[in-house]
């Protein structure tokens, strides 16, 4: 008895399907490179935050909430009415699903000094969240802003695991949950040629907006003008995680204000070093499949050759 | 005098395990089955409820620990136990250990159930499942994402390759309990199935090689959040080896426990082979593990005797002890010792796969995670679902290896069919059946 | 009222005696005492009292200190501010509390009578009086630009202030030079402390300062002979240790980023923050934002919609343009309502933990029990859970239809 399609056609069919899949993947695979040291796109914008200037007024938090239509946050799950009655208003403990931008306070352990830090998405040059997102819901687009697309996201939360700065937040309490994070006010302001709300409203100029290259040189100028005022005389975000578009100048150690110690290569580079070679054009799986297939086919043929013998011995059909 | 050592034919007809035989001598519904079915029902009811609710109330996950036990345990950890088809299959079909063919079905059923329940867990874990249709549009795929690789590879593996591999067992039952026309239909199509079977097997090994390593690859993007004792570019390879050793260990464990439960004799020739393979796989795993630690300069951290170091030493000991012990044939062929070693190896492998996802994962210093009660019940429910299904499968299908003398072509009939047979009052099939 | 002032110049009486003589009602006096408690509470021993009655009792025993008030390059605004309020008649009350020996604006006499009054007062109360200086002192060209009875201001100051027990430089002009010292400073105007650095001087800058500040200083001195704690610019800390910005009623608008962009715009009408209009509040130390002026709430520059010009600060007033925005340097100690760098996250359900513990324990126990059922004898193929055979037998090979190969021993 013969199959409706013969064996050769079947093999070709499978290889063809594999090739089509590889081709479909290749388009997206080639588009994304992960050099060891990413280069900023030419139109990359950014923010420079200098905590020596920041007075902790939190106008940026209010402006961000307003520009992004975010609801006020009450302390740790307290209902809004209770919080307002208790006089607690809009004090999120950290970035969360209602807070895209936050000012945190660092106190020296001996209580003598303190300083503030503004935390939001860092808009990395080679974002780990973008590398991990299965359908590209998080995407690095125009001006280098990393934005989230609700029609592609499946809510797997890999971005939360991948981000070295713990930025993306998930709406755990919504049935239609979104991933919430700073997007440089992309839809609300960047597209209308306005700067993001936080940098616009900052009264002291602690956080400013501009082209990443300009901000970097401005930051370095500040360092040069005031030697040893800023920690390690360097800008955080110039190389961290491959470089970020939000840059920090701080007069205390970066780790003290919650900016993690990171190497200068992006996580995407680290994670795809090996797989980008093995899976290029699906060559690895196809090669392994070919080798295994050959060995298995040979063993199978031997098994089939021995089958009549076995069936005679047992009197039963061979079980697969 | 033991016969096993001198048996060099590699024949599957060794001692007691000669053929897959269904479990006859027990009623279908037992208290144990009801217990697990009850747990499964509870888990599934909660899962259904979760589907119509936000994720927050049902789980203890938070933004610091965005992955809970559904992902980290049911999928990333338990599918290692479900890698029996991969490990045992490759040993049988690629490395030509013919003795293992007789236990393939057990491995396949357990593997299928682990994967299926893992996929159910995954399905109820994602927050926006309605967007999953994007998987059908290849131009929207992010090819570098390990998550994407898993979301495509695991369902394809489970629902296609593993399903096809399990098909002969199902068709066998249909054949022996079916009408003449059914038999004729199957006899016509069986050879075609046989012809594509080798390709199915090949796919059934290539795909798990890909996604079991991708499960480890998921953690690469965790970066510094994962303790350096576990964070390594070798994570995919180590996860794959852990899957192999867990697969072997679990199949050993399952065979021993099933024999206990269903009062079947053992076959230490086969079990000894599994133990032997398990030992080598454990050694291979440990070689890669320690080689990696030394190359990365983290060897000293393993002996720092802080919390992470102690966990590492625990997981290593759990794998090292079986590796060494199972080199001794007397351990491989003593049922109790083999069971203990298999369990230790499985625990070690599971611990290795679970630790970097949750315990050695440190996003922010003050964050903590523990599964909430509904989350726990759902996870246990999924596992119970698998156990229940296995308990039913071994009675409906010829899964567990047994002796040919116990085979009587009699498959447990569903009640309607039984009544039809009783009404007809005749044997459903001739007592002697030509195999052609 | 002026007549009784001159009458009383001869005797040093207590405040109580004086008030009785002048017919100031007890009620007015108590009102004055309660205002005192609010307006000048810090660093004053005298107001360490709980009720106006107690203040009245303590105040009543204070011997009225003699005060000689000098005017140099001034606009008399500081005197005006002292006398401005009329409900109660603050000026009257202040003048009942202190014994004002010489004051060019208020005294009846002039010319030679005035010169004599000054000389007499200096003589009679030498070493005991408080010298209040209003207006800056010219120093250029030997100080000819202001002369009092033919003598340059520098000389008068050295003479009168030199013999005083303490000097109070009231107003920015006397504190550091004020308006006359603004560019191009043709007269070389300086403050008292620049000429008499070794004297006990209390600077009360402001244009004008709050009258209660003066009163607080004078009363403390009268009560126990001490001056209040001063900062490094000799300003009393109780009035000048905080800047306007800290206590500004419009601070909430600053915090929320609501700024007036143009005088008369909607924000201005709403009373929004004037920082972007050049308000110097963040850099200006004064108590205006709490005490306001004329004892009417919101009667102070920012309250009426005009940005603070920093009139107390030497580096700002009359030097930095009124509408130039200042950098904010001083950062107040933040309250606890800022989130810490690492906030706790995640909760652990004790019930779930307990269940997991129970489950793990149960599994371990079951596993142990199950493993005991297995034979510990090597090569034992028998059914687990059954009694192990005495020795290892040759296992039977299943006999089904068709013989299987016999396993050979």
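As written, the chains take the letters A, B and C, and residue 1 is the first residue of each chain.
Assume a residue touches a chain if its C-beta (ideal position, glycine included) is under 8 Å from a C-beta of that chain, and two chains touch if they have at least 3 such contacts.
What you see is a predicted model, and the numbers here were worked out from it, not measured in a lab.
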| item | value |
| --- | --- |
| Label of the chain whose CA centroid is most distant from the centroid of chain B | C |
| Per-chain Cα centre nearest the global Cα centre, belonging to chain | A |
| Comparison of A-C and A-B (more C-beta pairs in contact) | A-B |
| Centroid distance [mean C-alpha coordinates] between chain C and chain B, Å | 71 |
| Distance from chain B to chain A - Cα centre to Cα centre, in angstrom | 32 |
| Geometric centre distance via CA averages, chain C-chain A, whole Å | 46 |
| Residues of chain C touching at least two other chains | 342-345, 400-401, 404-405 |
| Sequence positions of chain B contacting 2 or more other chains | 13, 18, 62-64, 364, 404, 407 |
| For chain A, residues that touch 2 or more chains besides their own | 94, 313-316 |
| Chain A partner contacts - residues on chain C that touch it in the complex | 254-257, 259, 275-276, 327-328, 331, 333-334, 337-345, 400-405 |
| Residues of chain A that touch chain C when the two form their complex | 55-60, 62-63, 88, 91-94, 102-106, 114, 116-117, 201, 203-204, 256-258, 312-316 |
| In the complex with chain A, residue positions of chain B that touch it | 12-13, 18-20, 52-57, 61-64, 66-67, 93-94, 96, 98, 101, 104-105, 126-129, 131-132, 134-135, 138-148, 151, 168-169, 172, 188, 191-192, 194-199, 201-203, 205-206, 209-210, 217-218, 220-225, 233, 236, 363-364, 398, 404, 407, 435 |
| Chain B contact footprint on chain C (complex, rising order) | 342-349, 351-353, 355-356, 359, 367, 370-386, 392, 394-395, 397-401, 404-405, 407-409 |
| Chain B residues touching chain C - in the complex, by the definition given at the top | 1-4, 6-7, 9, 11, 13-16, 18, 60, 62-65, 256-257, 259-260, 263-268, 330, 333-337, 339-340, 343, 364-373, 375-376, 380, 403-407, 432 |
